[in-house]
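Below you'll find the structure, written out as structure tokens, and then a few comments.
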Amino acid sequence: MTPLIIVDDLTKEFLHAVKKPGLTGSVRHLLRPEYEKKTAVDRISFSIDPGESVAYVGPNGAGKSTTIKMLTGILVPTGGKILVNGVIPYKQRIENAKNIGAVFGQRTQLWWDLPVRESLSLLKAIYEIPEREYKRNLELFTDILNLGEFLHLPARKISLGQRMRADLAASLLHNPKVLYLDEPTIGLDVSVKARIRQFIKQVNQESGTTILLTTHDMEDIEDICKRLLIIDQGRVIFDGELQAVKDAFAQERTIHFEVRAPLHLAEDALHNQFPGAALHIQNEGSHCSIQFNRFHLAAGEIIEFMMKRSDVVDIHIDEPSIELVIRQIYESNLNNQRIIV
Amino acid sequence: MNAFRKYIVLGKVSLQNAMAYRSTFLISLLAGFVLVMSQFYIWKAIYSKHNEIGGYSWDEMKAYLLIMFITNSLLSWYSEMAISQKILDGSVAMDLLKPLDFQKARLAETMGASIFESILGAALASIIIIIFEGIASPPDLLTWLLFLVSLLASALIKFGIIYIAGLFCFWTSNPYGVAWVRAAITNLLSGAIVPLTLFPRWLESVTAYLPFRGVVFVPASIFLNRINGQAAVQEIAIQLLWALFLWLAGRMIWSRAVRQITIYGG
Amino acid sequence: MIAKWVKMLLLYVRFMKANLIALLEYRLDMMIMIFSSALIHLLGLVFLWVIYQRVPDINGWGLWEVLVVYAMVYVTEGISSFLFEGSWMMNTLVNKGLLDNFLIRPVSPILQILSSRIGVNGIGNILIGTAILIQAVSHISMHWTIPKIIMAVVLLVSAIIIRSSIKLASNSSVFWTQNPGSSFPFMIHSIGEFAKYPVSIYNTVIQGIVTVVVPFAFVSFYPAAYLFDKEVFRYWGLLTPVVAIYCAIGAVTIFNYGLKRYESAGN
């Protein structure tokens, strides 16, 4: 399969004027301008196949938005190559625009003073969407995203959650091949987040739309994405399956037990049977948790061990948290080398 | 004295602000500069065939244009917009909470900014003087003094007009429209287009009963020694009376407008 | 090719309609804008009227002829701001990163910028300018032939193109200045003030500026000189359409060159 997105050695540098404060500084800058170079994206390479759902994560200022803006054709790269569906975005911007949809969480592409319905209809004209396709999509999105309640209101009068839903619909009306999402759930309440994630997943699975998502919300990633691209200081430091990275990094697992009678368990007894496991007893013995490496020990055996020794009321197992995983990856990235799982 | 000091502080802050936004001032001054230059050349073309127009010699007309430029530079667009903006962005409600008089505070700010305007204006005025090559100037020190007092009174009148116009933003949300109407009326009736004596008799006599002539025409006439001695003192007194009248009118409109705030909700 | 232009025109009309719908929400403001901008432009008329009470001509130009020059400035400015006021939005669009929205759509960003706002204040200029123009033309004894009428239309369209191109080009400076308070386009705009009167009254420096550097003189003076057969300037009038094409290409080139520097700031 030919990749849909090919990024090769992509680099973006920004020049910023270095101006001394005050009037003299301004005059001096006019005569002999000084610039400071900042590399936002540093020789990045990756490729994405059609239908993939990729999370693009990294700390603030890592170069995520800059990459997306180059992929969408907004920014012109300083060096390297980009190809999206066979098109160079910054050179053939209009050609590229037909293939893509984009949602930037911080701002809307709806017209502020127009009813949402009017905005969508303007987009229909802009993207030259055939009447039938437009109608079908609008009906579908109205249904899933529940747009009906605010289609008649101008964008400035709807809530953030409603705006986000409308923006998602707006970016997908023309059935783009790729959907870029930059912080699509930022500032939304839990139920709206869930609905939006569900919708994006559906679009990815049913229409085969390729998704590239940047977010700080780890639940977004876990719900929507199969693949993880991590970037730090302008460089890709990890690229792989989400599950693989979880397996590789989330080796620690914790089982929590709630017991009826206070537990009297010596750590030695546990260690004898399960070397390396750590025991924490809380609430005067009514609650205990056991932390262990799941590659060395089996959860079932630990549970069995506990059942024998006490009257267990409740059990739950902590899932490996993706947030923890990614933090570990950042931390192990001290010498800025690519991590291989 | 302490009550006075806080307004000095406001004026200082406004001056610093003005310096930070110097490019905004430069444009409005440059626009005035282009206007005065285009008028200069059109008068020059006229005076190449006439020795005097309406009693003004060429040197006097050049001086008139210069004074026109100077009075127009004072209390420019920036101060005008600052007052409207206060009302439109709702920060007026915050001001009501402070132990400040709204009108005095705006006067302090406007005067603070106009210090910077005067400096820039003086720089451009000297360029104008060089380009104009020879303009009429006051014959003696007393005339200079009277002119400066009259110029100060002109600024006070202009503040009165700007302030009242700014208050209209309580009733409309369009500061530009208000400012344009204000500018159109002031320029027409103050002598900022042509000396008022060139107007048809009926229009000239209308301006005699309005505050606007104190903005440009009176200081310019004193500068040209066309109004002098006791007449000049009298004109300045009338200017100051108008400034006072506009100040009181501003207070009245303000107290009506404040009631409006409760409707807007700030 | 033609289909593409028709599509762009239709889109443009739709964008402007959207602006109008949005604007109708602020009806009182709209009326104030139209009225006030018309009022402020009447002042220039008063100036000319007062002067011509005292002198029969300025540099060989009679009142009605100068009024044509003056009215050309206002009609073209009115039409240009009514249709292409969006250029003035560039500062906001670029400095707040709002241009992003335009760049991810399959439509020329210039088209989207130009149609991002409607300049209702232009209506006042158009009304007054047209009224003066009609009055002036009826007072000037001229021999109107069909070629001359056609030329007059060509000159008017060229003048609008020149003005709008200057506006787009000067506002494109925002790509370089990286300064939200940049006043460069306003400075250029105010130079247009010189074009209200016959350019022959100015010294060579100003004449050079408004002819070559910022060709505002081709908006009003040169076309009028051509129509009234004035001195040597009438030949310059014939250049107007060429200058229009030159300005339009220049403005688009400057814009596209600047666009490469766009940094999409303001997150």
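Going in written order, the chains are labelled A, B and C, and every chain counts its residues from 1.
The rule is simple: a contact is a pair of C-beta atoms (placed from the backbone, for glycine too) under 8 Å apart; a residue touches a chain by one contact, two chains touch by 3 or more.
Quick caveat, the model's predicted, so the values are computed rather than measured.
**Q** What pair of chains is linked by the largest number of C-beta pairs in contact?
**A** Counting C-beta pairs in contact per chain pair, the top pair is B-C.
**Q** Going by CA means, which chain is nearest the middle of everything shown?
**A** Taking the mean of C-alpha atoms per chain, the most central one is C.
**Q** Distance between subunit B and subunit C based on Cα centroids, please, to the nearest Å.
**A** Subunit B and subunit C have C-alpha centres separated by 29 Å.
**Q** Roughly how far is subunit A from subunit C, centre to centre by C-alpha average, rounded to an integer in Å?
**A** The answer is 47 Å.
**Q** How big is the gap, in whole Å, between where the Cα atoms of subunit A centre and where those of subunit B centre?
**A** 57
**Q** Please name which positions on subunit B make contact with subunit C in the complex.
**A** Touch list, subunit B to subunit C: 21, 23-24, 26-27, 30-31, 34-35, 37-39, 41-42, 44-46, 49-50, 53-54, 172-174, 176-178, 180-181, 183-184, 187-188, 193-194, 198-200.
**Q** Which positions of subunit A touch subunit C when the two form their complex?
**A** Listed in rising order, the residues of subunit A that touch subunit C are 14, 17, 65, 69, 72-76, 93-95, 97-98, 100, 102, 104, 106-107, 109, 111-114, 118, 122, 125-128, 154.
**Q** Note which residues of subunit C are touching subunit B in the complex, please.
**A** Touch residues, subunit C against subunit B: 26, 28-29, 32-33, 35-37, 39-40, 42-43, 46-47, 50-51, 53-55, 58-59, 179, 181-183, 186-187, 190-191, 193-194, 196-197, 201-203, 206.
**Q** Within the complex, which stretch of subunit C touches subunit A?
**A** Counting only subunit C, the residues touching subunit A are 7, 10-11, 14-15, 18, 21-23, 25, 97-101, 103-108, 178, 260, 262-264, 267.
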